[in-house]
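Labels for the chains are A, B, C and D, by order of writing; each one numbers its residues from 1.
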Amino acid sequence: MSGSLTTPAPRAAQPPVQRVVEVVGRRPVNAYVELSLAAPEIAERAVPGQFVAFAIGGPASALLLRRSIAISGTRDGVVTVVVAPHGPGSTWLAGLQVGERVDVVGPLGRPFPMPEPGVPALLVGGGYGAAALVGLAARLRDGGSAVAAVTGAASADRLCSVDELSALAEPVAVTTDDGSAGRPGRVTVAVEELIADAGVVYACGPMAMLRAVADAATAVGVPSYVAVEESMACGIGVCMTCVLPVVGEDGRTRFARSCTEGPVFGGDRVRFADVGTLPADVVGADAMGVVQS
Amino acid sequence: MTALETAVDMRTALGAAPIPSPVLTASGCSAFGRELEPFVDLTAIGAVVTKSVQLRPRSGRPTPRMAETPSGMLNSIGLQGPGIDGLLADELPWLAERGIRSFVSIAGTRVEDFAELAERLRGVPGVLGLEVNISCPNVESRGEVFACDPGAASDVVSAVRAAADPAHPVYAKLSPDVTDIVSVARAVAAAGADGLSMINTLLGLVIDPDTMRPVLGGVTGGLSGPAIRPVALRCVWQVHAALPDVPILGMGGIRTGLDALQFVLAGASAVSVGTAVFNDPSAPARIHAELAAALAERGFASLADAVGHAHRPNA
Amino acid sequence: MTALETAVDMRTALGAAPIPSPVLTASGCSAFGRELEPFVDLTAIGAVVTKSVQLRPRSGRPTPRMAETPSGMLNSIGLQGPGIDGLLADELPWLAERGIRSFVSIAGTRVEDFAELAERLRGVPGVLGLEVNISCPNVESRGEVFACDPGAASDVVSAVRAAADPAHPVYAKLSPDVTDIVSVARAVAAAGADGLSMINTLLGLVIDPDTMRPVLGGVTGGLSGPAIRPVALRCVWQVHAALPDVPILGMGGIRTGLDALQFVLAGASAVSVGTAVFNDPSAPARIHAELAAALAERGFASLADAVGHAHRPNA
Amino acid sequence: MSGSLTTPAPRAAQPPVQRVVEVVGRRPVNAYVELSLAAPEIAERAVPGQFVAFAIGGPASALLLRRSIAISGTRDGVVTVVVAPHGPGSTWLAGLQVGERVDVVGPLGRPFPMPEPGVPALLVGGGYGAAALVGLAARLRDGGSAVAAVTGAASADRLCSVDELSALAEPVAVTTDDGSAGRPGRVTVAVEELIADAGVVYACGPMAMLRAVADAATAVGVPSYVAVEESMACGIGVCMTCVLPVVGEDGRTRFARSCTEGPVFGGDRVRFADVGTLPADVVGADAMGVVQS
């Protein structure tokens, strides 16, 4: 696709490790739980945008698949994550207590690509997705970028990392769908105002939000990078469950693995409208026989 | 890997091809090996069984492609992959350069597809042999799966055996979704299979209670993981009892060395680790070590001595 | 039980026999009901499906009779039971006195055995109908299981239908261990089955890593529990798609109301709860309540509206 | 069997209940863990010899079958049990912490039948099996019986309830296979000395021990009651996995369920030598076709 605003995010410099680590901190944050893990080898390798994958429930667990969770911070050998208790896996994770041990693989996935030094950036986080942007905000500031942020959620209790982002970004706009905190409405109301000043946009949150933010950025010719959340069985690139249609540098669309080719993709490269379908122009679609819906 | 530290001789073979460890990956559960490099010394395991390849590149099915189930998962990937050209150009050389043995899984929807793939793989460096994934719909038989019909299954196997490199053992991968797996095993062995891989996934379905529709785009999918282990073991047991001389690559829910031991005792001379890799990417190496330790504890001098042991009344 | 508290009409039927709840026990997983009395109001559930009875009292197999497996279990009880005389003398009267509906599972190794059992159960108070357990070895066919052969299966069903009380619906209980369950379903429906119970257990094996022999005296056993749920759902889905007018009593790994909902959406008009009772003896009542709540949340006015819903594209 | 020394243990007077209860105490005892559960309805119903059955590992557990554990005490609404961490289920149980909740069904099974008041009793416990005899010892003493006890184990760390039994019984003989505590050897060395004074014998422990004790008692014409430990899938009588060959009042042998027809059986009624086989004279064996080994 000539005229793309983004180049695919490059691989992380360092490979992941697998470790059984101790929970050294646990803190409820609104509707979420922030866990801190003593995981020096992961902490020293991790770059913003990456995630870790947890084994769930111990040796007698019926839940076989790891749960991927974005890294929200790394400091002094400690990795922090913000977990939203939802189904059985995340509920188990959120219930981990200080002193308990958990098997974790990471850091996984491709980091957010950094802009040229000084390029102003807009960060957009939805729900617990905002947590994944804290480390990025710090790194952008260190690189001399002006950083603005929008963080939104369905309601006040599902907002995340507002304080942390406020210490790093200016302005920080807060929106809630129900108006229970900040401006009522979706993040896009704030994004549309702030995008004019941005040279690059980063977003993490639910798919519908990523799509809206990416579209807004692309519409005004600003490159955007989004960290997607697809259902993942392995997190390390071997199962092919986590794919979505992404336009490559050659302009052709492939089913790309969100765990190893993402989770960070160029916002103008993800074919959001086609997620969950098999577009006829995806590489190899012609070999699938009757196209399934 | 503690292969060299334990007293047990862990060497085995796939057909006539010797391998230093009986633990392999399972097709479709370790892609083409690269992503496991940070977690496993791939040169030390038996082989990487590559994701089933077809003639042309395939996109695979739309998402969702999986559903977690109790002690297992359902998948419907649709054999996404680069096609034989991509495999030969990119994946097999990468493995060969590193001295990693590859056992190449091939798939198709026509007998000729399989034969052509076997032909293309003749003499390719690093390729140890072929696993024939016959759990594919046969386009010439109203989509009935090859593996569900002894006749169709043996047509594929004899075509592959004829086209393949004579140095490549040909393993036929059987489906458990049949009334009589022994008759399928017998047919493909007679058609020239040098060994049997068993089992492939069981056909399953999950309905999403929210959408109230099947979770998978393909409606049904393949069930794998520890949930199916007793079925897999039963298949290995039955086939080894009927055909004790046909080597078996056992798989289905292997998660620990003791799980692998069960397959060996039931008659498998090597095992593949599939879904467990998603839970624990270092599983193949760990399982090798655990199996070696378990054999040592039980007084076996070699893996070979344990193969089929559970069938021998006074052993 | 909250049957009367929710707005959803939970009534359904086994063939022509109406029942107030779609939740039943599963044969062999609640004996003859008595032991569940402290935990479940048995008059409020659909019916107690009794342990399969044969003509003569049976000791069952020697122990060990079970092995725990990931999210499931393997069993080889060998149909221990009092025989039809004991059933008629002790068990059915106990159930009838309390107003508990019984759905009587019958088993045999000859077609005539099944017919005689059906005959003996004519007009017995409290008996709602018959479930024909054809997952038994057919002594007249080298021990091949009736359920694995459409011909043998339909011979049993037509003999039972002919001998049974005309007021008793006859359900044939199918085995998943077949290449094509739809063809078996079609055959028994044509032979007069008023409904289908599916599924029975999957044939499995577990080897004891200490003794290095099969755990079960009978070597293989039946795999049940949540592990097999995706297979069970797939069978229900396939058969309902092919034979939408044949009622299905769905079972296999149901543990919660949402599990039961999946079976209903796939086409079951009633469900049996088996292994889950071992984990939670109050499961049948709990699952009824959870299913009723799940249907209400999804806007269904009646259970009947939800049966097969997942097949209807725009419903 | 005319000439039987025992009549089958009668059913408990009260049915079991199922409750989710809180762990209110946890105490390592040698190789074991003693758990105390706030379970008033079970405590008030339980009679010595009965057991409870625990669900293992929470909703995401791959272990479906309950684990049966003998009740070692009931007081003030609290039920205590002694757990030997062995496989995955008992290890999970033994790891329960104070404040955690667990689903339990009980009391289950038939209690030890009481002798006529004043009949002297000998209690024999093997390993953690001794714990199940503490309540019985108290009850026997209350009934005016002289109570002697033997408790044995493989080694000192596997002994159990010696103090509790010492407060209730006299003498209390201790044996260990390896001689690390008490007299070296099996419980039978002590049983043979004490049995002359006993009018009834009760035993709980491994099958081989039960058999030896039952044989010793029967040899000298003393009735014995043994609490057996068979592999149980349900614990409540519905699955038929827990059977063993037991001689009934009519002299015929049946496969009896150890959960609901036991776990307490007359020691002279259990055909120990035939456990795990299908004796031809078991009721219904003739209908089994080819006898399996």
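Criterion: contacts are C-beta pairs under 8 Å (C-beta built on N, C-alpha and C of every residue); 3 or more make two chains touch, one makes a residue touch a chain.
Note that this is a predicted model, so its numbers are computed, not measured.
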Relative to chain A, chain with the most remote C-alpha centre: D
Higher-contact pair (C-beta pairs counted), B-D versus A-B: A-B
Centre-of-Cα separation between chain C and chain A, whole angstrom: 47
Intercentroid distance (Cα basis), chain B paired with chain A, Å: 34
Averaged-CA centre spacing for the pair chain D and chain A, given as whole angstrom: 56
Set of chain C residues in contact with two or more other chains: 70-72, 225-226
Per-residue overlap in chain A, given as positions that touch at least 2 other chains: 62-63
Arrangement of touching chains [line / ring / star / complete / other]: complete
Chain C partner contacts - residues on chain A that touch it in the complex: 62
Chain C - residues contacting chain D, complex: 28-31, 34-39, 51, 54, 56-66, 68, 70-73, 75, 77-78, 80-81, 83, 109, 139, 217-218, 225-226, 275-282
Footprint of chain A on chain C - complex, ascending: 70-71, 226
Complex interface listing, chain C residues touching chain B: 67, 69-72, 74, 148, 177-180, 202-207, 209, 212-214, 219-220, 223, 225-231, 233-234, 237, 253, 258, 261-262, 265-266, 294, 298, 309-310
Interface residues, chain A side, partner chain B - complex: 15-18, 55, 62-66, 103, 105, 230-231, 233-234, 236-244, 254-255, 260, 275-278, 282-289, 292-293
